[in-house]
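For reference, chains read A, B, C and D in written order, and residue numbers begin at 1 within each chain.
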């Protein structure tokens, strides 16, 4: 439904990704801004920095921000218990001893917990950012201070981007044997520039749709000489990203932006897919009266049996207090709808893209826009009516809420388990192919389904054990 | 249960009240801080300020902040529809024409909506602050700019405090005939200093327990020559302040401070009164597994029938992810409990006072405190275990969440309706007595219960009509 | 709200009480009818019967039905664990040793469990029925077989009724010292006919409003020389009888009569008191779309904040699938409403009396009544439209559902505890007065509130301990 | 999950099917038994009966039961509004004019509504029963009285069974052109005995897994010369049969058998598939404390995120009040578990087969079985402990509850729509193949998926429109 990470591969067009929102910049704004707004405009590439142990095997914005970053990592650790359990349990046997992992992901507190877990399990890691904007500089500094070879900062140029990746791969006396990638850029770079390294890689773990797509292209062309595993599309991850995550972020996003009381409010939710189901469950539970619009009859029947009135948007638009879109379609809320809303109506989007609400139609001379808070606009009609538009129609959960660390820990734990599996798998268990985790329970896979399902099952079960520990 | 406004009457000891928390300072911190941290340390009493219409009949921090304050008022208006409806409906008949209201309340965006409503209904208003810290300077400026005679700023001295009150009452050619008070200081001042004014007051509307207590003392002494109405203790307000409000603020408070995911978490809630019921309903609805501790057998039975396991704290303290107190008792969570919590356990208080968690017991040398964010401390045990303590054990909903405008609008609307009722009541309907709105549905009152109940009924019904309009 | 037991004291007018419905005659109809429809029309008073131990110290319909009755008692015991726990725990100390209890209640499987518990605790019991229709003959037989002196059968004449009571009290060499009554007839009989016995009674436990009323009259007249305790009006019992019980019986009653699916149905519930709250919670949870009508603004606000749309009945009457009344008022559903309902609409009453639906208005020539099942009528309009009327507008939960044994066990346990308390209380703890258990938590009582509240608290707490054991 | 209709094709081994349970025999037991227990033991085949219009074109048990059966049909019509809507809307155009449908299904009130709808749409119908035990004789009589050529009674011999089918197909001057089958016996008979008829059939609509399996065998063998449509395996039907239906029937089944109160009860549900999800949602909503056992990690995670504690059965077996199995596995509840349950524990099965509870292990000499009600056994341990076993471990929802008419109306409506579609489809739209409706939203099908999905979509949408009308 929501493809958080499906950005184009041209770095120049990379949009803001999830990792930015999760940085919850609001919460520590004062501290963060003091460190971020460094007037120091010297490029990190030109700086000479060493950490407290004398190492300069990294390149970050400002190593002095390490302490603040360490605290962010400590906060993240509190809700990543599966990963911490893995760290503790597997620490004795060091299942990644000898692994030389080169990684390219968003650099956030949560990925830092992953990276430090991999190290604790015996791996050597070198890391760069998969997005030129998403690096939390303080976290990068903390990693560098802790001895990880990290090459990343917020606001890299495209040239910086590839330079960082190259610094990870290209090091005398060190040759990567595992790849952890998000988007496929690192994989592509190794494949193109260091074919001899590529051949000796034991396995690739890829998080994104884009990256998997590129791997398939390699595979089709007969050039993929390494087993690869896609950790994105499992049913577990999908449920978390959509149903469970949105059940919480709809409340959080609305509260942080508008302080609205949910009890007694009339809300219309457009679309009753997984995202819509999550939004509706939460709002209903807190005492809102929820209406649904839905064109898919199966989803409509589900809404019906879950106790929601399925309506046409026109029927309720005059009476509702909140309008939420999560259909994946365009122009679900039109200017005509907006014209008919009552004063104070809140409009926001939880769906796929930023086109569900026809925001463009509101940029006309007779309407006044007033930015009343960050991410909150009052659009004012000539008669004084105000519509409260959140995040200018972009994704509310990414713009105005945070992705819970716990949700991120699911992917991170799966990545760690996938790396362990690929690194320790006996010769022949995996072929030179792309392994896609089952999308649906019970679904078969084209690649030796039984083995794979067993593995997936095992991974999920271990994961569950960690969770409930 | 929670007496938000029960502070001592000595201004020097006035504690931070609800109005501070509701200012949601986090949300507009950058803007606010720019205006608040004015280096201008001149006392407002010594400044010469005029609003854009040339009036200087006010005394605020900085009239130039009016525009920002106006926006805050506009935001507040969006969720105070009952008051706005009242404004619109009663505007024609001007039921407060001739009313000269002197008021003393927290000066916030929400009270500003109330004040401007009273003006729209025909009243003349002069206003001061009931708390030396709680004034939102920008809102005061906006009121002044709009022509309200407001005398208040954040950080008044005790002398300032009484000076502001006096400026409201003591004006040539203007004599108050109604009082709207919160705490009883204004009433006391008029009674003591301007007995002739006091005798001609048509009615007092008082919001706080303290103020009502003082009115009773006057009444007992035979010195209350005015009917007074307490708008605090109605069942409606109690339900909103506790059950409905906490149902939302427990989620909001936890999310803003910790970004924790609720789904799948094990939570123990100490106390199943109205606050506890609200917390439990919300957490259960979002997928948490909730345990209750409760010593009152009736509440315990209710918890039981609502599907919660009633346990002793000791039974579950090792396994829970979150501990929430709302008992009204002391030391519900002891050092011993804290010692046994698991790593990452979040501890917070939604109850009456700040003594439910024995925070003092944590200030010992072997424990390290780390402030990781505003209102969030990690308390670290020698073995590395961290307990996440929120707001140092003070009220989470006041410290880390906002009171929804909608909840505040209930009191505000009732205040407006009470003023209209007292101002227009025929001679003899109200005696020189304190009228306490029924605490419980069906409860009798010592003062001509039938009349009073009818009035209360009428007020609530009008209120409901506005709500659902 | 619902006064199950408030019937007039003239035995001739006694209406069907709860105990009848709880016998769940439907479930074992075949077996029951074989025993009930005994062609033997000889009055039990004229029969000579002995139980298997040779005793004939009883008078029941047919001692041979004992085995079937024993099974009903065994079923009831399964959901009366508090009473069974009490039996087990107190069996050693025999707190009722020496107690000679004369009782007059409905004779059902549940009261049989109470009576046998009292015996197990050391008491001697003699028992009659408080209602001429409500005796379960098989249960009476089982009690007689077990050695209890029971005098009761279904279909007593008024003369039989008093004869049975007299047989309990008037026995050579045995003098009652405790009374357990339901309605006050037994108490009245002892007071009038056996004043010397009455004076030596240690305590009366009374279950009904009527009985308590009569005790007050005695007390006012200065003739009550015994402490009495009303176990009916506690907040616990009220909550169970209304909120918790109706939450389940609305589903049960609708299902057993109509097999209707709840999911997706539109339902309007008239009245949002405790009964309405229970109905709405259950129906909403099972996927119905629920509307509320309510004239009390406080209840309406609660409905609102609980997420229900508050409407006027006219607004939704054409679209709803089910109409449920629980207001306590008359003619809430009028002929006009009935005329506008859609085909298949189900109409039923959960409220106080049988006048909430204007059933009389349906008895007109143009409408055809068709009895399609027991308690289910199709009322057919000339155009073929059918309205499904349940129990002819009488209480659905009493007519078409069962009162769960668990709910009955609450009163029964409280009765047992009250008897133990009164029998063992030190001289002077109770005066010659009527003790009314607090109706609301925290409420004060005119009679030495502190002692009483402590006792009530103790009773409830013991009760809770038993429950959770 | 639950294959209600998957019985072997040997008629001798046909087990009791859903249609029996849905007859809700308890509810009208007296009336029904009077008609059923007819001492008339003459075979219907040997009787001469005519309906009130003089026709004898049918063979049923007793035409005089027609009136009672008509009432059952009328009750069923009340909750089959989609079918009734279809009847009304399509009545004008008669989309089945010319259709000669031969049918073989359970003969119940609900299928009677389907059959009479087909007639109303223009079809001529001849009908037999697909199960020798499941016919409601009164309903068959009502159909016969209304002019439908029905050949079915309860308790047919195998010879009767085939005779009835043959009577439907083999009639001078009438040749079937459509088949509606449940189990494939009719289809098989026509294929084998009347190959010339079979070739001219325009379409087969088959409801059961078994029947579809047999059609596939025909198809593989190249002998299926007719398009066939399976209406069983759509996602909609699966959701209704499992999730929505069990959400209601778990409550209904427990209540009718035990009158247990749900509030406050501790319940363990084994298995969190669709059936388990339904059971848990309902029980939680009514105030039970629910534990889950689950071995599939994905389902376990879902349980976790839905707020249930996932446990091992051993951990909670001593404390729970109710045990419900819905895993689809064998011996989930073993004798060891049963030995450790507490007194009064209720044990029942909602899962696939009757082997989830190891009932056999309870048939040992030291345990006493006591049948206390229909479908309710007390199994008594030597120490007096009783376990309450429902339906001897068979499916609770089929044995002790009713399948709501609404659920049955979904299949029936889909069957009607499928018949209309196949009858009116232009030449070539359907090939000689088996069309399986998509099992999952978005799933592709081997047979021209786009067309089929469009049709399915259309059918479901029409269906939804009818529902919400």
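As a convention for this text, contacts are C-beta pairs under 8 Å (C-beta built on N, C-alpha and C of every residue); 3 or more make two chains touch, one makes a residue touch a chain.
Predicted model only: the values in this text are computed from it and were never measured.
Among the remaining chains, those touching subunit A as well as subunit C are B, D. In this structure, the chain pairs C-D and A-D differ in their number of contacting C-beta pairs, and the larger number is found at C-D. Most remote chain with respect to subunit D, judged by CA-atom centres, is B.
Work out the mean CA point of subunit C and of subunit D, and you get 38 Å between them.
Here the spacing of subunit B and subunit D, counted between their Cα centres, is 58 Å. Between subunit A and subunit D, the centres computed from C-alpha atoms are 45 Å apart.
Shown for subunit C are the residues in touch with two or more other chains, namely 244, 263-264, 286-287, 301, 304-305, 467.
Within the complex formed with subunit D, the residues of subunit A that make contact are 235-236, 239-240, 244, 296-302, 304-305, 310, 440-441, 457, 460-461, 463-464, 467-468. Against subunit B, the residues of subunit A that register as touching in their complex are 24, 26-30, 71, 74-75, 77-79, 81, 244-245, 247-248, 251-252, 255-256, 258-264, 281-282, 285-287, 343-344, 370, 372-374, 376, 378, 386, 388, 402, 404-407, 467. By the touch rule above, subunit A contacts subunit C in their complex via residues 263-264, 266, 284, 286-290, 301, 304-309.
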